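Labels run A, B, C and D following the written order; every chain starts at residue 1.
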Amino acid sequence: MGILEISGVNKRFGGLKALDDVNLDIAAGTVHAIIGPNGAGKSTLLNCLVGRLEPDSGSVSFNGHSLLGVKAHQINQFGVSRVFQTPEIFGDLTLLENVMIPAFTKRDGAFKLNAWPSVDGESEVRDQALFYLEEVNLAGKAQVRADEMSRGDKRRLELAMCLIQDPKLLLLDEPTAGMSRADTNDTIDLLKKIGEEFNITKVIIEHDMHVVFSLAKKVSVMAQGTVIVEGAPNEIKGDERVQEAYLGGAHL
Amino acid sequence: MLGLNSKDQKLFLVVIVVTLLAPFILNPFPENSELAQFNAGYPDLMQRFAIFGIFAIGFNILFGLTGYLSFGHAAFLGVGSYAGVWMLKLLSMNVVPAIIMSVIFAGLFSLLVGFVSLRRSGIYFSILTLAFAQMSFALAYSVLTPITNGETGLQLALDDPRILGVSQIDGSIPPTNFFGLEMRDGFELALGPWVFTLNFGYYLCAVFVLGAFYLSMRIFNSPFGMMLRAIKTNQTRLPYTGMNPKPYTLAAFVISGMYAGLAGGLMVAMDPLAGAERMQWTASGEVVLMTILGGAGTLLGPLLGAGVIKYFENIFSKINDTILYEWFSFMPDGLQDVFVFLIHPFIGKGWHLTLGIMFMLVVIFLPGGVVEGGQRFMRLFKRGDKGSKSSGDAARSASPAE
Amino acid sequence: MDAIILQVLNGLDKGSAYALIALGLTLIFGTLGVVNFAHGALFMLGAFCAVTLNVILNTSYETIDPDRTDFLGNPLKVETPYIFDWFGPEVGGAMIEWSVPLAILFAIPIMVVIGLSMERGLIKYFYHRPHADQILVTFGLAIVLQEIVKYFYGANPIPTPAPAGLVGSFDFGVLLGFEPGSIIYPNWRLIYFVFAAVIIGALFAFLRFTTFGMVVRAGMADRETVGLLGINIDKRFTIMFAIAACVAGLAGVMYTPINSPNYHMGMDFLVLSFVVVVVGGMGSLAGAVAAGFLLGVLESFASMAQVVDLFPGINQIIIYLVAIIILLTRPRGLMGRKGVMED
Amino acid sequence: MSEIGKAASRRSVLKGSLAAGAAIAMPTIFTSQAKAAFLNDPGAASTVTLGFNVPQSGPYADEGADELRAYLLAVEHLNGEGDGGMMNTFSSKALKGNGILGKKVEYVTGDTQTKSDAARASAKSMIEKDGAIMITGGSSSGVAVAVQALCQEAGVIFMAGLTHSNDTTGKDKKANGFRHFFNSYMSGAALAPVLKNAYGTDRKAYHLTADYNWGYTTEEAVRTSTESMGWETVEAVKTPLAQTDFSSYITPVLQSDADVLVLNHYGGNMVNSLTNAVQFGLRDRVANGKNFEIIVPLYSRLMAKGAGANVKGIFGSTNWHWSLQDEASKAFVQSFGTKYGFPPSQAAHTCYVQALLYADAVERGGSFNPCSVVEALEGFEFDGMGNGPTLYRAEDHQCFKDVLVVKGKENPSSEFDLLEIVEVTPVAQVTYAPDHPQFAGGQLGTCNPGA
């Protein structure tokens, strides 16, 4: 019984069948990668998991909660965090504030009119935020405006923002997209470190096989809106169908 | 102290001192000098500075923090005013119930308008708020005349019930008061050639503006304020941090609506008449301009912007050619005419032109508004300081976004 | 029935003005990403091009007529326009009478120059500034422009009648088989509608069928990509600004016989045209035109006594009410694109 | 431009009595209780300040400018400069051309913006900052009522400018406020007999009414008086203030069986609705076998100019017109025309008269005290101000005088010669009881000297 169960999910955009009877079972504590060529439906699937899209049919359940029709912020409150393909952070705010915001929502819920106490006074949240900035090696930049940082640093910040919520499930949407090889390796190391320190189930959507094979314990391959193969990284490597999906194009 | 950090404490202290000494600071020129024209230290204008300051501070909580640009905030001020006058008509001339009702009614109305308008963002939100305000104005001006007294404005009458007070005293409507302290009363202080007016009404406004400013500082520094700034910065990330942006923006909207109601309530407490024009889009536009002119998203900006615009409206519009001729009376006749001719288009009935030019100059050369101007000015003096962070606490974020 | 046809005509006529202004406004939004609060002022400037031409044509010299006296009892000064001397009183008189149509030719170069200098001199520095700054600076500009006009022409409306030959009404009723005289409509208003239709049609054709237009449309959809293709999109956008200014100006010129122009007519139209643009959907030209006509027609219907009796005050608020309903049911207006001016 | 103020320039005299106190370095504190018997008492000062609060921005700016010209002329005449204008023809001879009570008249100006709030702010600054003892001016009833109420509360005299709504001296009348201008009721009463003669008693009228207070009272007045002579009102439609294109209100008129259109509009509304009505051929229309007619109850020459040729042949009423041939009007036109080069408007006239009436009342009462002024003005009968014998009625502070019925001129000889006087309706015909239903509901209260 996995922490995240996806069964029979379908999603259409007009005439295009983006997801076709997707079934996935993600076990708690693993790192599960979803790979596949462009247009395979990976991002659509992710969006169905976080409340941005609603599947036409099928069921998605996380830790016993159905995620269908549940709003994005509620899904987050269940313990699902995500990072975006291009880091989405609060550019005008300092790094410290960026990390404090998810800490507050974790502590106070989706809305709390916390208008009287000053941020400076909320020292435990502050300390916590500094701790997680430290975790991602950004402690020295706590007072810098987030927009002023490099892309790699923004990715670290985004991870800190997720980690501070102590999520049960972390969704990573191509976490190394557009990064240099060095940055990519950096990110892999960071994710590994996080994997060691915190017990968080991760789902990684990725193009880069190097990343997938460095991190993932289990891999699902999607093509044309459905999961075609599932298995350990080593099994996937040699699978004919996977190669065909990537190289042979559409005529499966 | 007061739950503020040291920078904000200093700022607040300066604001307190300036507000309390305003009757002196705003009357720098001796009573009978030619420059007395530029004195702004008379009760009505000082009250207006404070009242529109409150209005703009409140607007800034919405616009400066969340970036939601409302074009209909004047409607809340108007609703507050009407509620206030009705309290003065029905209950008593004590301003306290009037101000309380103003805030409550404006809050309720902004809850309604905000709930609907916040379903959209960006310019769609702006137009929704504009539409609500324009509808309120048009209806108040015409079909709602029984409640609002239409064009004339809702005013007191000798036969109002005033169940907790008196309808009239010897054929006059009693003045508004704060537990017996009459708003229009006060002291005049003659110091040599200077005359200063210390008006009770102004000091009541001053207390409220300080309270409003303090509350806005607390909000800016609070987790709530941080959430609002997060909303302005990145709407994509928000829901995935577990935060529900809607109640936050709605809360900011209602808070700023209540500020507007407070301003409306004070307005009628100082001068018991509520005109429909104060709900018109131009009035909403005015508070937007005040905020941007002063510096949106800064603590002090809205106060300064309100002051500048009201100063132009009330002081520049009253300069006429006769006064110009007096100023230049030391010149030979021909030159005097030339100077009057050159300045004439910008004063008196031309005050709008001066205001328009000032809007353009400020926004072209000081993108952060008057506050940024002040910071640049300060930096000239502080050049020795190495700290790149000397910009001061007033500029929390200098870039207002739509 | 004839009452309804008449109100439709009224609505189309009002819609023409809304659509012409909104079209330029949305064009500037779409191309330059600038919120132009001075667009109403451009409409006003166009109208005052007609007034100015009239003044120029009426430039006169004075002669004293000793036989008649003015209101103070002094000998009357008779003014004779110079063009009476140059072209003879008949041709001269006809030129003055036809000053509004002539003003179209007069206004085009002026509005283009105003548009170009506005964009090059001011607006271009605001492309990447927040919308709030754009609003403040263009609003300031609008005030300055209208105060300048007020300085020269005063605050009162100035009558600028249509040529005598175009005054009068056209009998629609006969055309549609109604009783003669039941549906008559003033000629100039029909001309205005046709004029608006031609301008709108020409603008759409220009954007659709010329290379220039295609580049502009591509630029509206994705400015950066088009810029990457090595096309100088900025120059084209500058020209589009001039065109938008020109459309607003011509709308103003043609409007003068319908209502006497005054210095604040631009502000009167500004808010309405913003509502029109937003209801049409940000960045959608067709949406702006559709919304312009829709709101014009609805406004006309709402002003009918039968409707007002049913819903008191509806004529005061109809446009805003419709705007609210449309924006709540269609999040991006009638034809808006996703992501334009939503943040 | 420099028409305003040149004459009054070069003031080197110090302002106010405070100059005397300037020498004393000791702070003096005085509360309002300790002040003089009334607010802004000029005391021993050599000058007195009046506040001219007129629209300088917005649609009525030109009318405001004309009011201001008239006030400056009045100040000149009061101070003994210029040709004296109507001071020479005024039946009261209290004014001597040496200012008011020997004090030179000075003035401050402000912008009402034709908004109640702005007008009150401007008036307040005149009272609080400049020490104005009297406020006058304005070009709309909303502003007049708002400023009048303010002056009552503050304790200064308000001499209304152009305000035509019944309410100014009806339900919103105030002891400290006075109106020389005529009102809606008078327009209706004066117009009705003329309309009867011109158009007969069997008419069907269609009203378009500006949807605000002044519109309502005007519609009511004109309806009542025309209905009482046999006209039928087929429809009365309210039009939004912000309306610029009236086509959708005009076309239903074409559909109705009305043969008269009454435009209860003023200012820009009037210009546009009249222009539109003529555009739709209403003037050439024949309905019920009669020529279709348009009526504009309140005419203003400045606005008639905006409507251009459309006013030709259209009836309306006005408070005063420069073409009147009585000595007073001639003197005023001469004086104004010589100074500014064009004839004065009715707004200029009423403002000039109000300024003189105030000064005269102060002279006669011997004090600037508002209560003394009120006493001097109440029931005051005068002549020689261009409207024939006039009474300032004590019960409501409204002037009763002849009303002019005018018609747009067919062949104007100049840009000012747009209206011709059809009839001077005698005052008896437009007089009403103070408790007339159209004016009921208000109380004057008592005069407030402000201290």
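Operating definition for what follows: a contact is a pair of C-beta atoms (placed from the backbone, for glycine too) under 8 Å apart; a residue touches a chain by one contact, two chains touch by 3 or more.
Only a predicted model underlies this, so the values are computations on that prediction, with no experimental measurement involved.
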Chain ID, smallest distance between chain and overall C-alpha centroids: B
Taking each chain's C-alpha mean as its centre, the one farthest from chain A: D
Computed distance of Cα centres, chain C from chain A, in Å: 52
Chain centre separation (chain A, chain B; CA means) in Å: 46
Euclidean distance of C-alpha centroids - chain B vs chain C, Å: 34
Rounded Å distance between chain B and chain D, as computed from the means of their C-alpha atoms: 33
Multi-chain contact sites of chain C, meaning residues that touch two or more partners: 316
Residues of chain B engaged with two or more neighbouring chains: 138, 141-143, 352, 399
Numbers and ranges of chain D residues touching at least 2 other chains: 57, 61, 65, 211, 238, 240, 242
All pairs of touching chains, each written as two labels joined by a dash: A-B, B-C, B-D, C-D
Chain B-touching residues of chain D, taken from the complex the two chains share: 1-2, 4-6, 8-12, 14-16, 18-19, 21-22, 24-25, 27-32, 56-57, 61, 64-65, 107-111, 115-118, 120-122, 124-126, 128-129, 140-142, 145-146, 149-150, 152-154, 167, 172, 175, 211-214, 216, 238, 240-242, 442-446, 448
Interfacial residue positions of chain A with respect to chain B in the complex: 50-51, 71-73, 76-77, 81-82, 84, 88-93, 97, 100-102, 104-106, 108-122, 125, 161, 165
Parts of chain B lying in touch with chain C, wherever the complex brings them together: 63, 67, 69, 116, 119-124, 127-128, 130-132, 134-135, 138-139, 141-144, 235, 281, 285, 288-289, 292-293, 296, 345, 350, 352-353, 355-360, 362-364, 367, 399-402
Residues of chain C that touch chain D when the two form their complex: 2-3, 6-7, 9-11, 13-14, 17, 68, 70-72, 150, 154-159, 161, 167-169, 182, 184-186, 188-189, 258-260, 262, 264-265, 268, 299-301, 303-305, 308, 315-316
Contact footprint of chain B on chain C as seen in their complex: 35, 122, 125, 129-133, 135-137, 139-144, 147-148, 151, 271, 274-275, 278-279, 282, 312-313, 316-317, 320-321, 323-324, 327-328, 331-333, 341-343
